[in-house]
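Two complexes, one shared chain (chain A), two partners (chain B, chain C).
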Partner chain A sequence: MSRSDDTGMAAREARRPPSSASLVVSELTLLFRRRRTQALLLALAAIPVLIAVVVRVSTAVPAGRGPAFLDRITQNGLFVGVTALIVSVPLFLPLTIGVVAGDTIAGEAGLGTLRYMLVAPAGRVRLLIVKYVGAAAFCIAAPVAVALAGAAIGAALFPVGPVTLLSGDVVEPGEAVGRMLLIAAYQMVSLLGLSAIGLFLSTLTDVPVGAMAATIVLSVGSQVLDQLPQLEWLHPWLFSHYWFGFADLLRQPIGWDSFTSNALLQAGYIAVFGALAYGRFVSKDVLS
Partner chain B sequence: MASKWLRWTPAVAVPAVIAAGVLAGSVPASARDPLPDKTPAQVLAMIGQHTTKSLSGTLEQTSEFGLPDVPQIGPSSGAGTGSIAELLAGPHSARVYVDGPTKVRVQVMDRLAERDAVRQGNDVWLYNSKDNTATHVTLPEKAAGHKSPDSRTPGTMATPEELAARMLAKIDSSTDVTVGNDVEVAGRAAYNLTLTPRSQGTLVESVAIAVDGEKGLPLSVEVRARGQAEPAFRTAFSSLTLGAPDAGLFNFTPPPGATIKNLALPATPHAAKDMGKHHAKGKATNATGKSPSLTGSGWETVVGFPARAGGANADAPSADTLLKDPLLRQAIITVPGGRAISTSLLNVLLTDDGRVFAGSVPLERLQAAAAAR
Partner chain C sequence: MTPADRGAGLAIETRGLTKRFGHQLAVNAIDLAVPRGSVFGFLGPNGSGKTTTIRMMLGLAAATAGSVTVLGLDMPRRLDEVLPQVGALVEGPAFYPFLSGAANLHRFDAADRHATPGTRRARVAEALERVGLSHAARKKVRAYSLGMKQRLGIANALLSHRELLVLDEPTNGLDPQGTREVRSLVRSLAADGATVFVSSHLLAEVEQICTHAAIMSAGRLVAQGPLPELRQAGSAQLRLLTPDAAAASGVLVRFGMAPVVGHPDGAGAVITATLPDGAGGLPGNGARSTETFAPESIVAALVADGVRVRGFTVERGSLEDRFVALTGEGFDVAQ
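For the complex of A and B:
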């Protein structure tokens, strides 16, 4: 992140009155122009490249070992994207989301730009929503980056053909790409709840690193709790519980149950942590 | 100061609304009309006469046998180890599509993997996505015509109907059959048929079968073990649609790149299936030890398999096949006279001389049966 960007934003905020749409646009431009955001997306895109190159130069992968679908890559390049998405679900995606969502408010507060933004009559609620929209846009960009990089490198290094689904049925490459985009959409929905948590944590502190670390720790902690059979009653309430449920999109016919359960759960997390972030941010003393 | 606290109202209200919604959703809808009263015999007749041939639904299975859990961590696909115990232990969900007796598809949905069994006529394909293997089985002509629990395909979960048929076969004078309060399964009102063994010598406390109030189709089977609050085993539809599923689901062609195997069906696949009906006291087997022996009757039946001799009975469970199972291997304990796998519903004794005894009875009964030879 460069200093000039942030001072530019403060200057821009001073003009008035900014419309909601222009606020969102400027937030998105700012987010995706940041070196850090670009580096995060590049790192995510490197995962499928790494997988594809390793599989290409190594001998045959025995079936049933390593991440799911790893052994299918040599037959069909489209599986690179799927495998990379599976590999990045537990850590890499939450990590990048934690960095972006944890930075939303705390980043501005830490740099001292938050008070300038609030001097302009943007309104705290509107600022909170704009910041969340920015984080949500990154939730779309992150899995799509993995899927697209995977499909591209897979098509470059391996043959592309009809794709075998989990059920043993075979679909044409066109439909397979559609299903991969569905998986990316599923991942996006999965990460929205975590973004809301990150947004709330970001309103608690002026130290962005603290909010980022706390968000990432929570995502790992939630997954650890999800593995303990003693806490079975808690599992459906953990925001990471349905993260691997996108496998249902690779069945024939597509199982939508996990998609809807996941969407409901994430909506609940957005509502709860959005309300918490509202309560904290609106009553927060940022001007002193 | 008051207005500052007012800002936190949404943060309190939203969880409260969600909690209220969850509570309201979990209260069963009791407004539905109660089913007409029926005697156990009438409910049994309903099961026998039901004509539901086509359905698609999702089955949820849970079990609490006291076997070790297999944790699934990380991005690898779970299950599919080929372990029989794995299919029985732990939670599983499966989608079931049925269109008449000869068109069946069962999809066991594992984590990032799936095991399929597709039956179209006499052809059965078993597909495991984890190792990408397809197995082809041709059923004998006899099994094609009629629908019997014996014709179920290997390697998949049993449906409530198959299990109910097996449990109902055990009904005799040693079983108390009652109809309890109506239950709701997969959004359908159902009779709650309960089988309670009169004998104290079995591990089974009761078996509850939910029978659809309208169609007579078994919707769930729940087996309770003595001295355990949780049901030892439960399989139930979580959603059910009556009517013919998409015909394309029953056409299965092994995907390119899959390892294809042909499996020959053993000649007498289920020799010991009707064991519950037999009253074989003492030594009912021949001395050469080719077929299983039965001790006790009804719920207390103990099945004994002789030591394997030269592959004469390749189908009978031997100590070797049980010991090879990765899940069961962890559960084996050493007892006087051999080793045992002890669960809340079933005990298995592997004697030192290679014989296997199994039954829903306390371990002492198995040891007594082993000593009697």
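For the complex of A and C:
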């Protein structure tokens, strides 16, 4: 870019009202250019690759064993992505979200950059929101990475054809990919509540690893509690309760009930833990 | 003092500012007054509460009691208006090690809502140029030396036009050339009309660049004022070299001094005495007595009495003497 372009741009942008666009762009760039984030996404993308390769090299998959849809992969490569998404739900996705959400504030505090962001001044509420936007962006990227890698490796190693849904209807491969992206969207929504919890935990400490570990432990704990029949009254309130509820998206017509319930529950978690994070961070002494 | 007159008022003012951590009083009711346009040295041993005070000034930590006004506005209530005009280096530089020097500055500048994105690139380049880091702009901060990080921290403080610069230990980790550069940078910033608030435990540094200073000790503000006043508050030492020890002592006693006679070699006696400075060292009181005890009048009296004066010096107490007198010797300064 030439110098004259620069000054022309400067004159145009000088008239703009103050905005947060720069900070959001900066946050997303910081997050996705970071090696650690890229490694997390690569690890997620490796899951469908691993599944596909194992299925490809093994002689036969006994029907009805292993993760759902595993036995269907040899007939239709599109099932690689779906299987990988299911496999990732209980641990791999919460693990990566825990790393990213736990790092939001505590990571900046640990580096000491938090004080410079606040002195800039970023504004505490604004910084908290931008950090959550970053974590939410990762919630989109993580399941999409699994789905896309699954679609790619599935198409490369297996035949691709019309898909039979759980309701028995058959859809074309194009729509099947659409359904897979719906599942990814469902999981993205599922992870937003956990991200809000991670954001709150991240405001409690200057040690990012602590916040990450706590977030991951909570996600496992919630799933364990969801398994105990004695705590049935609690189950609808656990943020992981609807994590596996995306089967309705594989029916014809699509059932949106669990999607809606999940979205409402996650919105509740965002409200509660967002408020807790706000309460903590706005009054916090930044001494790191 | 012309810049101070122009600024009308104080760049930083604290009233009864207090910070308590549990049972420990880190900052104990300090009333700091930093005139606009001054280069203000904030002195104190490690752990005396300097950085905690700076954190409260910048709205990073909340005061337990008391108030802070920066550039005429209440902190932290008016933080959004104050901080864009303030450049700061707080408790050492801190950066994203996986980003380049320039990318780090871009990041911090993006955090400031009032910074113009269109001029960002030019301003970052200029700030890097100003601290001599242009050649390392594309290098990851992970590979920077401590001195380079320190420079980058100062560059971050200079990203926009600033009314006030708060520099906490700016020469920490710098080599002698770097220290000189920072000194001349501070002078040029002050010449542009900015107020520069420099915290340091390096007295020589403060003596060279500051117009005003304050001294902290164990959370209390023990002295503050224009630098010449702070220095003069300490008493002056007289040192006389003469073979006529007895006669000289007589003259000095007439002036109200208590001479101490030493014999370092065969050539004669070395007599030392403290110039009486009237009151007990409050800032501003020193000037009164020095007129009656002007060194030349003492020499005239000595010569009139036939004392052969071979050497005569009067040394004003250095800032270091004053500092040690106020904060105590040795390492036991912070409880």
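The working rule: the second predicted complex is superposed on the first by the 268 of 288 C-alpha atoms of A that agree within 3 Å, B and C clash if a C-alpha of one lies under 4 Å from a C-alpha of the other, contacts with A are read in each partner's own complex, and residues count from 1 in each chain.
Keep in mind that, in the parts below, contacts are C-beta pairs under 8 Å (C-beta built on N, C-alpha and C of every residue); 3 or more make two chains touch, one makes a residue touch a chain.
As the structure is a prediction and not an experimental result, all values here were calculated from the model.
Once chain A of one complex is fitted onto chain A of the other, the partner contacts of A:G268 are limited to chain B, with no touch recorded for chain C. Of the two partner chains placed by the overlay, only chain B lies in contact with A:D248; chain C stays clear of it. With both structures placed on the common chain, the touch criterion links A:L118 to chain C but leaves chain B unconnected. When the two structures are aligned on the shared chain, A:S26 is found in touch with chain C, with no touch to chain B. When the shared chain is aligned, no partner comes close enough to touch A:K131: not chain B, not chain C. When the shared chain is aligned, no partner comes close enough to touch A:R179: not chain B, not chain C. Contact with chain C, but none with chain B, is seen for A:R35 once the two complexes are overlaid on the shared chain.
283 are the residues of chain A that lie in the contact sets of both chain B and chain C, per the superposition on chain A.
Within the complex formed with chain C, the residues of chain A that make contact are 6, 9-14, 16, 18-23, 25-26, 30, 34-35, 111-113, 115-123, 126-127, 283, 285-287. Residues 63-68, 71-72, 75, 86-87, 89-90, 161-162, 164, 166-170, 227, 229, 244, 247-248, 251-253, 255, 257, 268, 271-272, 274-276, 278-279, 282-283 of chain A touch chain B in their complex.
Within the complex formed with chain A, the residues of chain C that make contact are 55, 58-62, 79-80, 83-84, 86, 88, 90-92, 94-99, 106-122, 156.
Only residues 4, 7-11, 13-15, 18, 58, 69, 71-77, 80, 95, 107, 109, 111-114, 116, 118, 125, 127, 129-134, 246, 249, 252-259 of chain B touch chain A when the two sit together in their complex.
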